[in-house]
Each structure stands twice: as C-alpha cells, then as structure tokens.
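By letter and in written order, the chains are A, B, C, D, E, F, G and H; residue numbering begins at 1 in each of them.
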Amino acid sequence: MKHYQDLGFAKLDHGRARRRGFPEVVFCENKTTEQIGKIFLAMRQRKDTVLLTRMSKGQFEGIKHLDKKIKYSDSGRIAWFNKRKTKSKGKILVITGGTSDIPVAEEAAITAEVMGNSVQRLYDVGVAGIHRLLANTDKLNDAKVIIVVAGMEGALGSVVSGLSSAPVVAVPTSVGYGSSFKGLSALLTMLNSCSPGIAVVNIDNGFGAGYFASMINKK
Amino acid sequence: MKHYQDLGFAKLDHGRARRRGFPEVVFCENKTTEQIGKIFLAMRQRKDTVLLTRMSKGQFEGIKHLDKKIKYSDSGRIAWFNKRKTKSKGKILVITGGTSDIPVAEEAAITAEVMGNSVQRLYDVGVAGIHRLLANTDKLNDAKVIIVVAGMEGALGSVVSGLSSAPVVAVPTSVGYGSSFKGLSALLTMLNSCSPGIAVVNIDNGFGAGYFASMINKK
Amino acid sequence: MKHYQDLGFAKLDHGRARRRGFPEVVFCENKTTEQIGKIFLAMRQRKDTVLLTRMSKGQFEGIKHLDKKIKYSDSGRIAWFNKRKTKSKGKILVITGGTSDIPVAEEAAITAEVMGNSVQRLYDVGVAGIHRLLANTDKLNDAKVIIVVAGMEGALGSVVSGLSSAPVVAVPTSVGYGSSFKGLSALLTMLNSCSPGIAVVNIDNGFGAGYFASMINKK
Amino acid sequence: MKHYQDLGFAKLDHGRARRRGFPEVVFCENKTTEQIGKIFLAMRQRKDTVLLTRMSKGQFEGIKHLDKKIKYSDSGRIAWFNKRKTKSKGKILVITGGTSDIPVAEEAAITAEVMGNSVQRLYDVGVAGIHRLLANTDKLNDAKVIIVVAGMEGALGSVVSGLSSAPVVAVPTSVGYGSSFKGLSALLTMLNSCSPGIAVVNIDNGFGAGYFASMINKK
Amino acid sequence: MKHYQDLGFAKLDHGRARRRGFPEVVFCENKTTEQIGKIFLAMRQRKDTVLLTRMSKGQFEGIKHLDKKIKYSDSGRIAWFNKRKTKSKGKILVITGGTSDIPVAEEAAITAEVMGNSVQRLYDVGVAGIHRLLANTDKLNDAKVIIVVAGMEGALGSVVSGLSSAPVVAVPTSVGYGSSFKGLSALLTMLNSCSPGIAVVNIDNGFGAGYFASMINKK
Amino acid sequence: MKHYQDLGFAKLDHGRARRRGFPEVVFCENKTTEQIGKIFLAMRQRKDTVLLTRMSKGQFEGIKHLDKKIKYSDSGRIAWFNKRKTKSKGKILVITGGTSDIPVAEEAAITAEVMGNSVQRLYDVGVAGIHRLLANTDKLNDAKVIIVVAGMEGALGSVVSGLSSAPVVAVPTSVGYGSSFKGLSALLTMLNSCSPGIAVVNIDNGFGAGYFASMINKK
Amino acid sequence: MKHYQDLGFAKLDHGRARRRGFPEVVFCENKTTEQIGKIFLAMRQRKDTVLLTRMSKGQFEGIKHLDKKIKYSDSGRIAWFNKRKTKSKGKILVITGGTSDIPVAEEAAITAEVMGNSVQRLYDVGVAGIHRLLANTDKLNDAKVIIVVAGMEGALGSVVSGLSSAPVVAVPTSVGYGSSFKGLSALLTMLNSCSPGIAVVNIDNGFGAGYFASMINKK
Amino acid sequence: MKHYQDLGFAKLDHGRARRRGFPEVVFCENKTTEQIGKIFLAMRQRKDTVLLTRMSKGQFEGIKHLDKKIKYSDSGRIAWFNKRKTKSKGKILVITGGTSDIPVAEEAAITAEVMGNSVQRLYDVGVAGIHRLLANTDKLNDAKVIIVVAGMEGALGSVVSGLSSAPVVAVPTSVGYGSSFKGLSALLTMLNSCSPGIAVVNIDNGFGAGYFASMINKK
C-alpha cells in the first residue's frame, strides 16, 4: 500500500502522522486557492488535525466555505481545523523582544496549541529594559520549553537562556530599526550565543519553532 | 551573597548549577594553561562536574597533574572531571554523515554523557548511500532526541527528521569536498529544512548540541 | 558571409543552429513586445524551432497574432513555435521537491520537449517524506538524465543522485519557508553534494537545465 | 543482506557499484593513513576499481606498501587501483584557462580515465589570447563532453560553450590574480553564463567534474 | 570668493569646471522636481553644459518647460543642455553583450557625447556567439577607449581586452537570466579579468564609464 | 512596584527616564495606528517628552487628533510632543555629503533638538568638492559633537574627523549611484576609517545618531 | 610652513596634536622595525606623547633600546612613551563579556589611560550569567563613558546600554565558540541594538574605542 | 602560422605584443621555478621586454642565473628584463594613503616604468591629515593619469578625484586596522565614489593599475 495520495500537483504524505506523530502541514505560499482547497478536503477525510501556514487573508476567504470549523489567525497568518486536545504536559512559554515580533510569535504559539500544548505568552520584554524580563522569572521557571522571538540584535535569546533551566528555541525575526539585513543580524546573534542551551530555527519561522517545541514537550 | 567568584581575569558563575541545572562550562580557546588550571581548581572545590571544551592536547598536558581523575578525549578535544551519574532516561542518538564529521560528533556525545545521559552513536550514514540509514530506523525510533552532525551539503538533517518522531538537533560542520564556505552551506541547508522538527546550533558546535539535547532529555 | 543578422538592437546569431545543434533562444525579460515581435519574425523565416523564455503573459498577448501556431505555458512562462520532432532517444525525468517548485520544473520540461526529447514528470517527492521517492525508483532507473528542481534546503539532489546511475542536473529554486536567501541555500547545498554525479545550473534556471539535459540526451 | 560493510569509523557502501555503475570513491582529507589503509584493503577484496581523492603525498607514502599496483598523481593528488578498461566511447576534452589551473584539471582527467574514458587535454587557452582556443576548434568538435577548468574571471566556460555542440561541465578554480574571493568570482561567472549548455560543479572539484562527465559519456 | 553657491538643500560646486574640466553633474534620484528645477536654473546661468543623470520621465516632464533646449533620452534616463562641441579626438566605442544592456550603454554613450566626444556603438555581440565580435575587430582597433557593458557573467570585458590595444572600461549590469545577484556576478568577473588593461566602474553606472572614458580621450 | 505598564501588546518601560535620562522612544514601523495612539496616551500621562520615530504620514494623520501639540516632520518621518528645553550646552553639528542624505540627517537633528540640544546643520559638503567643507572649518571647531551623514562611499566621515577635535558619529545611508549594496559600502567605509575618533551607528539610523550625540553632549 | 615631516616612506602629520588634541598614532602592522624606530625618534623630538598600536613583541624588542621610557603591554600589543597626565575628569569604564575579550579591552583601556583618562575595568560579566553585571550597577552609574568589548553574539552592549545613562562605545571581537564569522556576528548585533545610546567601532579595534571614549570624556 | 608557442604546460601568446602593444606578462604564483625559467628563456628569444609579477624572493633566486640583466624589486615582488625606453609622454602619479600600501604601489609604479612611462611617487598622504595632500596639488595637476592606492576605508580615491582633472585608477588594498574584510571595504568605497572620474582594479592588483595607466598614457 502506498503511504501517499497523488493529487498530481502534490503527493500527500499520509504516513506522516504515524511516522512523526503529526500529519503533514500545508505551506500555502505559492499555492493557488484551488490547490489549497483540494489538499484541505483530501486531508479532512483522514479525520486528523489540519494545519495551514503562511496563509494570506485572501486564501482563507477562498477556502473557508469548505468547512465552517476552519479557524484563522490574521496576525499569525495561519489556519487550522480539528485542533488536538491539550493533554496535561509541561507548558511552552513564548517570549518576544518587542511588539513588532508578535506576528511571528503568534505563528509559533498557535502551532503549538493546535498540536495539543498549553502555551503561555510573554510579549515585549526586550533587553533595552531588562527589568521587564527579570520581573517575570517565575514564568521562565514554570516552562518546560521556551521560545524566544526577537529581531534587531536578537540578544534576548542569550539572556533568557542564562536565567532558565529550560531549553530555548530561538526565532530570529526580520524586524529592525535601520538595517538588520532582514534578520541576518538576529540569526547570527542567536547562533553565536555565549549561553549554551539554545538552538535556532530559520528567520521568521514561527511555525518551525512551535513544531519543534511541541516535539520536545511531547517527549 | 554574591553568586560568583572573582578570579580577576574571570568571574566564575557559581549560581549556574542551581539556576540552570549544570555548572558553568569552561571554554579553553584563547585561555592560557595557567588560567585554565586556576579555574579548574576553583571549580573542583564546588564538588560538581567540571567540563572543559575546545581544549588542546597541550593544554591538557599542562593541567592533568592537578588531578588524576581528569579525563580527556583527543578526538573531541574535551576534558571532564566527576562525570554525572547516568539516570534512567531516554536515549540520545548521535548520527554523522561521514567519517570526517566524527570529531564534532564526539564533542556532542561526550558532553551529553558527562551531563548524565545515555548516548548511542551511528556514524557514516550520509545520504549518498541512504540504505545505510534506512537499515537503522529502529535506532531512530528508539531515541528521545537525535543529534545529526553533517558537513558538505548537510542534507542528512532533513532526511532523518522526515523518518523520526524525535526532535532533531542539527550541527553543521565545516567539513567539505571542494568549497563549502567553511560550513555555511550546511548551516543554510539545515536552517531551511523542508521537514519541520529541526533546530540548529552553530557550525562545529558539538558541545552546544550535546548540551541542548541533554536539556531536552532531562525534561 | 556574415553568420548573423543585424536588427540594430540585436544581432541574431543564425550560425548557432549549425554550430550548436539548436538555434538561438530568445530571452524576453527587459525586451519590449515590439522587439520580441521583430526577432520572432526574423527567426520564423529560418524555418527552425523558435523558443522564447521568461515571457510574461502580457508579452505573449502582444505577439500571438503574428502566428497562430505559437504555443505558451503560463506556468513555465515560456513560448515556442515549430517544436522539434521527438526522436527515439532516452528519457529525461524532471523531479520536484514540492508543489511550489513546479513553475521552474515546467520551464525545464517544456524546453527539453521543444528540443525534441521525451520527458517524464515526478512532482512533490521531497525528502520530508522520502518514501514517496523510494516508491518511484523504477522511474529513476528508466531515465537517461534526471533534472532535480528543489528549493528550501535542496537536499533532494543528493538523495536522488545516490539512488541512480543517471547524471543529475540540479536546479535550486528561490522557494522557501522562512528565509532561504532567495535560493542561495539550495544552490550551496547542491554544489556541496556529498554524492558525486551532480552538476548545477543557476537559481530558478529551468531553461538552462532543460537545455543542458537535452545536450546530454542527444549525445 | 546488508549492502554495506561496517568498519566502525566508516560504513562502506558496497551496493554503490551496482546502483550507480561505479564503486564508492574514498575522500582522503581528514582521514588518518590508518583509516585509508583499512578502507583500501576492504575495497580491494571486492575486485573492482579503487579511487582515492584529495590524497596527500604523505598519505600515499603511508599506504603504497599495501599493493604495488596503486598509482598516484602528485599534481592531481589522486590515487587509483585497478583502473577500468577504456571502451570505445566518445572523448572527454579537458580544457584549462591557465597553467595554474592544471592540478584541478588533472584531478578531473585522471578520474575520467580511471572510470574508463578516453581523455584529451588542452591546457592554457584562456580568453586573454582567444586565438589559442580558436586554433583548436577541431578538438572542441571532436569531444562528446567538455570539462572547462578556469579561475580568475572564469569566462572561458561561456566562450567554449558558444563554440561547441557538446555539453560543458565547468569547474571554477580558486586561482586568481588579486582577489578572486577564493573562486567565488569564477563560480558566479559560470552559473550566470549567457550561453546555455553549461552546468557547474563546486570550486576546485575536479573529481566531481570528471565523474559527472563520465556518467554522460557512458550513457 | 566662495567657489560654490548655497541653495540651502544643495551647495553647487561652481569651481568644478575649472578644477576638473567639466561642471558638476546633477544626480536626480531622491531629488524633488522642484529641487532639480532650481539647480538647473542656477547652472544655466553659468553658460556651461548641464548634464542630469538618473532622471525619470516624470522629472523631465516637470522641468522641460524651463528651457526648450533641454534634451532627454528615455532609454538612458538622462537629460542635457548645451552639449559641448565635439573636437577632433579619438573615438570612444561602446559595446554591449546583449540587448538588455542597452539602457546602461546609452547612459554611457550620451554622457560621452555631451562631454564632446565622438562615440560609436556596437550592441549585442556577447560571447555566446563570439563571431559577431570577431567580425568587428576593425572597430576595436579604431577606438581610443572602449566601454564594455555586460551583465550575466560579464565575460565580454576580458575577451574584448584580449583583442585590442585600447584601455577597456567595464560596466557590469544587473541584467541576468536566473540569479546574477543584481550584477555582483558580472562585477566580480570584470574585477578578476585574466586580461590586463581593464578597469571597472560600479554596477549599472553607465554615466561613470562615459565620464571616465571622456577624461582618457581628452588627455 | 513594577517599573513598567502592561498594555498587553507592549510593556511601557516607565523606569527608563530615571535610568537613562530620557523616556522610552516609540518605534512606529510595524505598529498599527491604534497601538501607537494607545502608547502615546499612556506616555502623555507621565508628563515627559514623547518621541515617535519612523512614523509614516498616514500614521501621523491617524493620531494627530489626540493632542494638537504633536509636531511632525515629513522629511525626517518623526513626531514629537513636549520637547525638552534647550539648555546652555555645546552644539551638535549635523553634516551631509549630499542632498539625498537630508532625510536621515533631519531624523538625527530633530531627535537631538527634542532631547534639548542646540543643533546646527551643514548640508551637501561631500568630498567630490572638498573646498565646500574646508570653507566651513569654523563650524567644525565650534561643535562639541559632529554627526556625519553620508551615502555612496561614505568618505566624508574620515575627512571631517581628520579636521576636527570633536568626536564624530557617522551614519551611513542607503543612498547611492549605481549599486552601493543598500548602504553596506558606506557602513564598511566608516567602520574602517583611517582617522580615529569615529564611531558608527546603523544604516539610515538618524535617530540613533541623534540620541547618542545627545548623550555625549549632556555629559 | 608645512605641517608634516617627510621621512620618504611616511609623512608625519605634526599638525595633528594642534588640530585634534592628540598627536598622530603609529600603526605598527606591516611596518618594519627600522621604520617604526625612525618614526619614534622623529616624534620623540616633538616632546609629546607617542602611542604605537598593534606592535608585536618582536617589534618592541627591536626598538626598546631607543629610549628606556618606552612602555609595552603584551596583552594589548601596544607601546607608549610620555603618557599624558590624568586630569580630574569623568571615568571611562571598560567591560568585557568574557576572559577571551581581555586583549582587545586592554588595548582600549591603555589607549584611554595614555591619553590622560581615568579608567576602570570590569571583566567577564557576559549575559550568560547576568547577575554578575547586575551586581556592579554602581560602576555603570559612576562612568562618564562605557566601552563594551564582547565577541560571540555581542549581546552585552544592548544590556549595558539599557541599564545606564552613559553613552556606550561597543567593540565587537573576533572571539567565538563555533563560527562567529570572525566578529561579523557581534558587529551586526551591536549595530542593530534595540537600545539607543550605542555606537560601534570596527571588529577588535580596541584602540579606536579608547580614542573615541577619550574624545567624549575630554569634552 | 600559429601565433603561440606550445610549452606543454603553457601556450605562450606571442601575438600579444602586436595585438596589444606589450608582450604577455608572466604571473608567477602557483608556477614552479622550473616552469618560470622555461617561460623566461622562450620569451627572451623574442627580444622584447619580459615582466614577471607576483614573484617570490625564492623564485627570483632560482632563475636569476639565467640572465644577469634580470632586475627584481623585493617590495613590489616583481621582476623585469629589457625595460622599454621611456618616451616623452605624460607622467603617471602613484599615490598611497599610508606606508603599508607601499608594496602594492611599487608593483604599480614599476609596471608602468617597465612599460616605458615616467612615474612620480607621492606616498602616505591619507585623508586623516588631508593637508599633506593639499600641499601637493601641483603634482596632481601635473599628471596625465593618477593611480591611488589605499586600504582601510579607501576614501583617498574620491578626494583626489575631486581635486584633479586627470583620470584616477583606484587600487583597494587589503591593509586595515581592525577588520576591513581583506580589502572589500576599500573596494566598495572606490566603486561607490561620489566623484566621477574613477575606475577600479582588483584588490592589491598594483600590476593591473600600472598596466591600465600605461595604456591611457600611451594613447
């Protein structure tokens, strides 16, 4: 038996839920609304969770008639269907350096929630005013995994890691005053952190961070 | 009470074991043998594990008289003292693409072992002959965390991630035929993995991968 | 006798068909519709195949009245006239990692077809679900040349190469979740492949891959 | 039955000859002489060709006692054993821009010869004196595949491609007057060639070019 | 006496004609139409040539009422007033690799003409069909300075330089099939030319090439 | 007592005025007009100066009804409220290389003025006509701090520094003829100045330069 | 009268002390010991301070016989003669992230001391253990200028700036675990700091930071 | 008749003197002493000038016995034989920013002298003390071509160009305090000069500048 379904333009990897614990996630950029609709319907039949990332408002408008239960987040540009039940596991804490990092953080937070995790948010606690972070150390200690979302210089990852015993998943963002070379600055900062216990996902890849954190939390 | 000890050239962060679950690790590059010796003695007094990374053979020769129980790995360029007991937790699997990636893999594996984890090694299973990896899927399924160490194009991370439900910590190495721009190629590959569930540490940073994997395993 | 025709803004290289086996190909970006029309008419007189790449929909609308037999592919942004007969030679297999890579793949496939080759397509078999590729090894073995089109981390090239005895022409694409630095990540991956038997063309250069594969197949 | 042999530090991919038409090639950089010796002996038992690339003079001195029939090229830094018979197929032509590109060209030429091809060399015909190339157009027409090895600006690839109907495999080299950014300049030139029919391998990767050309010639 | 005139937002360097042989040239990008008009009127009073580069069609429409004698080139995006008389000096030859390079070439050619030089154009003679260039060697020999404008791989500069005794001023353009990194590829090619006798100006800087060639021709 | 005020999407750092001598500055890019309005009102209550940078004309139109006393600069894209009184301290001199650098210079100048400094402007004195700068050496000597704003090659910073005993804060701009790689060229120039006494802020970061100069002037 | 002295290979700028408040500083890299000696003697005659940077131990051994009063710092690779008197001005605080940053910090500290400033050192207070910094806020408040020297991710600059009202001069260092791209990571971090009040000097340029801080302190 | 002589490892382009006005120049890097000797002897037979660039002291020692008349410059790493007579033409002025740029400047100056030009040197007049340059404007006016050799920020090219009516050939050097990215900073500065009349050769390519200037002077 083949473990995938061939739609011509796509081969749906239906073995993924069994192999990896969560079904294939649909990346909507560069796909037509029609293609997304067909993929959604094929996946709904499997009766598992459907997660659709990088979905524009227009794409959502084009497919929401397919099923009333599809949810959408404007800020995170992410849609989902048939969210998994949250089981009693550890908490995932999502932190941002500034207000401008919130869209990427929401993509991470919603991904983790749809995958069945309990998520806590702590936004705008960047190192320019570090007392805002120090006033929340209880939340740092309470988390099983921490996702740090930060642009500009991305220093927040190192500071959070130095204060906590949880693994830190760092997400550089392309946000920046002046030129931050579209997130490259924050990416390099996080890769070169002087504090061990950090691993990094791609620039603006909130989904990747949420997925990775969920895999840790599940273990 | 201060949580650090001031040696003049260094301020030992003795609060770290309490805060983060493992004491400060000593990075030996650019330090003199005398400095390393002083730091070792100060840390030994705390009766906890001492881990010294990026230590040259010459540096080890210069400090090994301080205590017979200091161990050293030539391949991983890492020394340790008073290794933590391995408790019954999940396994960490360390995989390499080729033979040339082994030194970085050993740095990762020994770090995890010294921090009290059970580690399994699976070396030279790169994608040029993917059946070598497919013949070992049982090991992939058996691990709680997987560390993938690969240079050249670094494709192994994506492939392993696609086959397993464990989180993958990817370590790009600076090993390469022709020019791999000192690991930049593998780093970008791993950051852009089409398979979610990967996070990346810096080029050749085996220590960082072992430390991060240990934090996941501990949870 | 001069082997080129001077249109003022262009010097048509009419010796190319004799010298290289296929006439000059027209690159439409940065050319006006009027210029493209003049070049088309001058080339049609030579009674050989005309291939026009990177042609926008608008440019096609502006020249299609010149001859009803001009064909156009929206997806591949490529037009052709007087396609060569397909002779009984080996097959060219065009593979993509994902759905988003299809436009570049179509540029490659149509180029090869117009040049008289038999082409087979195998789309969306990226390494995140490698069983989709392994289920199609017969197609890999059946090809005389394989074109692999992949963005994000571009790992598919190495994996395909490791499984086949055909030369692999790799095309990195600028498609990517998060930031793939406009295809640079996939380009570096493919250049640094650990599996020999791969050569690379420029980012998104489907035409170049199709042309090169055709030259191999012809030999 | 496993298709590989486990030496601990390496897993020899003995299925490769069957799968790809040529056995695994040994990359010697970062391997100890002892490791190379063990791999050589294990491969010799299979009675097929053994090719060892990027081998230093010192490494060769350390293993040549194992079998008198091992050959070595100083210039190409490559060793081989049990060369394949040259069958009556097309010719591979290896061209260099300058004298300094010869070591990379020799790695390519010897690789192709050991794999059973007939190879012709045409060295030092760079574009600064293009009549040297134009005086040899008969050789260009006579080849089934052409390998162009060039550093500095790497323009030779485009010029040769424009003159011939054979596919051109371009190898940028790190040779350069002033700063050529270690081959990056020639690499970009070759990727951006205005003449179709070129594909590129990594900087200084003569082996990759010879291997790829051999796969084309075999077809 | 001050050698400049202060308009508040600009300080016109009226000493430049005396010091450098040609008055200040006005760069129009990022200037308002009103600012350009004021500068034009102030310069017209000096009764010397006025050259305005990178001027959009819209900017020209906004100032052309100021004086009927202002000329404008759409293709070169350049305007001028009171062109210098062409004296009997050597010729400047402007060559392009392709049709897409013509706008930059026109900026160079018009700049040189306005500065009083005799200019000859030879367009679309790129190295993909080198016989088009070889058929025009008489023009190469006839020039006192040659400007080579080429995108993609930029190899034309080296080839022209190898065929001529005139100094070659090379202009990389941002034109390219696939990704040429916005002209970086051609820039590096030209800087690393294996043929001496080339100097390079910035990407797309036709004005700079025309100005520099004029300074050589004047001497 | 908490030193910040939690608005949900932002945590206003009200301790900053006490800690750093000036209240938190609001960066408007990527914030909604509604968010900016809420932040403004919260800050106005503190009766200190409010500075809002990178504010678009549209954002200003959306909040100006909140208080008639909000001022806005089109050129500098900056708004302010309740400007500090200028005390009798040294002068800050803001210099630009060209007319196109004025918007960044205005952001710097207004920032410094709002923070209570006396500012002098000297625009369009770039090194192409260095006598314009030399005619103003009295202004250089009169300043306590100099801000140099320059694009293209950014050489003005070194020249000014060599002529003055005041510290020079250099701001590279993304302005440039041909390709200046979006300010990278000027940034590198300024970092590598052969004249000591220069420090650099980010590309186009006029605000950062004005703020830093104000901190020096205050001391 | 000329304001410089011509030694043939160098033109000593004796007007600099008058113009800039401190005489020309000698950069010793790429100079012969003989050249350095001649320059020293010529400068000693002026009876002002002589500062010689990037001087190797060998160069110092070669010139120290010229005058017994020449001092040398091994760690900072810097020599000086006739240090200026320290006047009662504000303090300059020099901070490092780690022990490995000390050589660059010493170059900065000694430069400032030789120029007549009072300097305080605070070493190894990086963000991995931020309490070490928080325990020293009195020193931060006590300084008129702060120099922050940090490698790896360079986050220390932002954190210090957020805690203090003094201007921060940031020096990225090329120190790093794994690959920090020779200081590029720390440089970008510091340029993109989310906390205003930072300006940056070049990688490892301790001298530049000390000089710039001295100019601020003098004002 | 062939216009080149085939030595096997090299094809001497004897047509070059006729075609370009000066015979082929020998680039010695990556050539053996034996190869250089053979090339020298073959060229000496043509009775024209022989110029050998990038020659190490060791290479010179190995070939100087071939002819007593071979001259060598340690500083410029260049050898020559049978220098051309200097004819009464314009002067070439070679300027450096600092003492460390002299080796590259000497390569340029000697190249121009061997090609028959009259050369004047003006060293160490960088922009940190611009009066040193302003005191020598007579030399700037006296030159037909100016070569500017500068490292660090490379600003000298723009300043010289702004002061003179001669074309400026700019040579960036890899000299730099702190990190100048091996000359990249100076290269970008010179390419982006705000003063027209500059063209650039590769980093440290003194030979290329001398050759290009000679071609201008000859015209």
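FYI, contacts are C-beta pairs under 8 Å (C-beta built on N, C-alpha and C of every residue); 3 or more make two chains touch, one makes a residue touch a chain.
Being a predicted model, the structure only gives us computed values, none of them experimental.
Path length between chain F and chain G in the touching-chain graph (shortest route): 1.
Under the contact definition stated at the top, the chains bordering both chain G and chain H are F. Chain centres were defined as the mean of their Cα atoms; on that basis the chain farthest from chain F turns out to be D. Chain centres computed from CA atoms place A at the largest separation from chain H.
Over half of the residue-numbered contact pairs of F-G are shared by just one pair in E-H, G-H or B-D, which is E-H. With centres defined as mean CA coordinates, chain H is found 44 Å away from chain C.
Chain centres here are Cα means. That of chain B falls 35 Å from that of chain G. Counting only residues that touch two or more partner chains, chain D has 98, 128-129, 162-163, 177-180, 191-192, 201-202, 207-208.
Every pair of chains meeting the touch criterion is listed here: A-B, A-C, A-F, A-G, B-C, B-D, B-G, C-D, C-E, D-E, D-H, E-F, E-H, F-G, F-H, G-H. Within the complex, the chain C residues that touch chain B are 97-98, 126-130, 152-155, 157-159, 161-163, 176-181, 184-186, 188-196. Considering their complex, residues 19-21, 25, 90, 144-145, 162-167, 169, 187, 191-192, 196-202, 207-209, 211-212, 215-216, 219 of chain G touch chain F.
Chain H contributes residues 98-100, 102, 123-125, 128-129, 131-132, 135, 175, 177-180 to its touches with chain G in the complex.
Considering their complex, residues 2-4, 8-11, 13, 15-16, 24, 27, 29-31, 35, 53-54, 174, 182-183, 201-205, 207-208 of chain F touch chain A.
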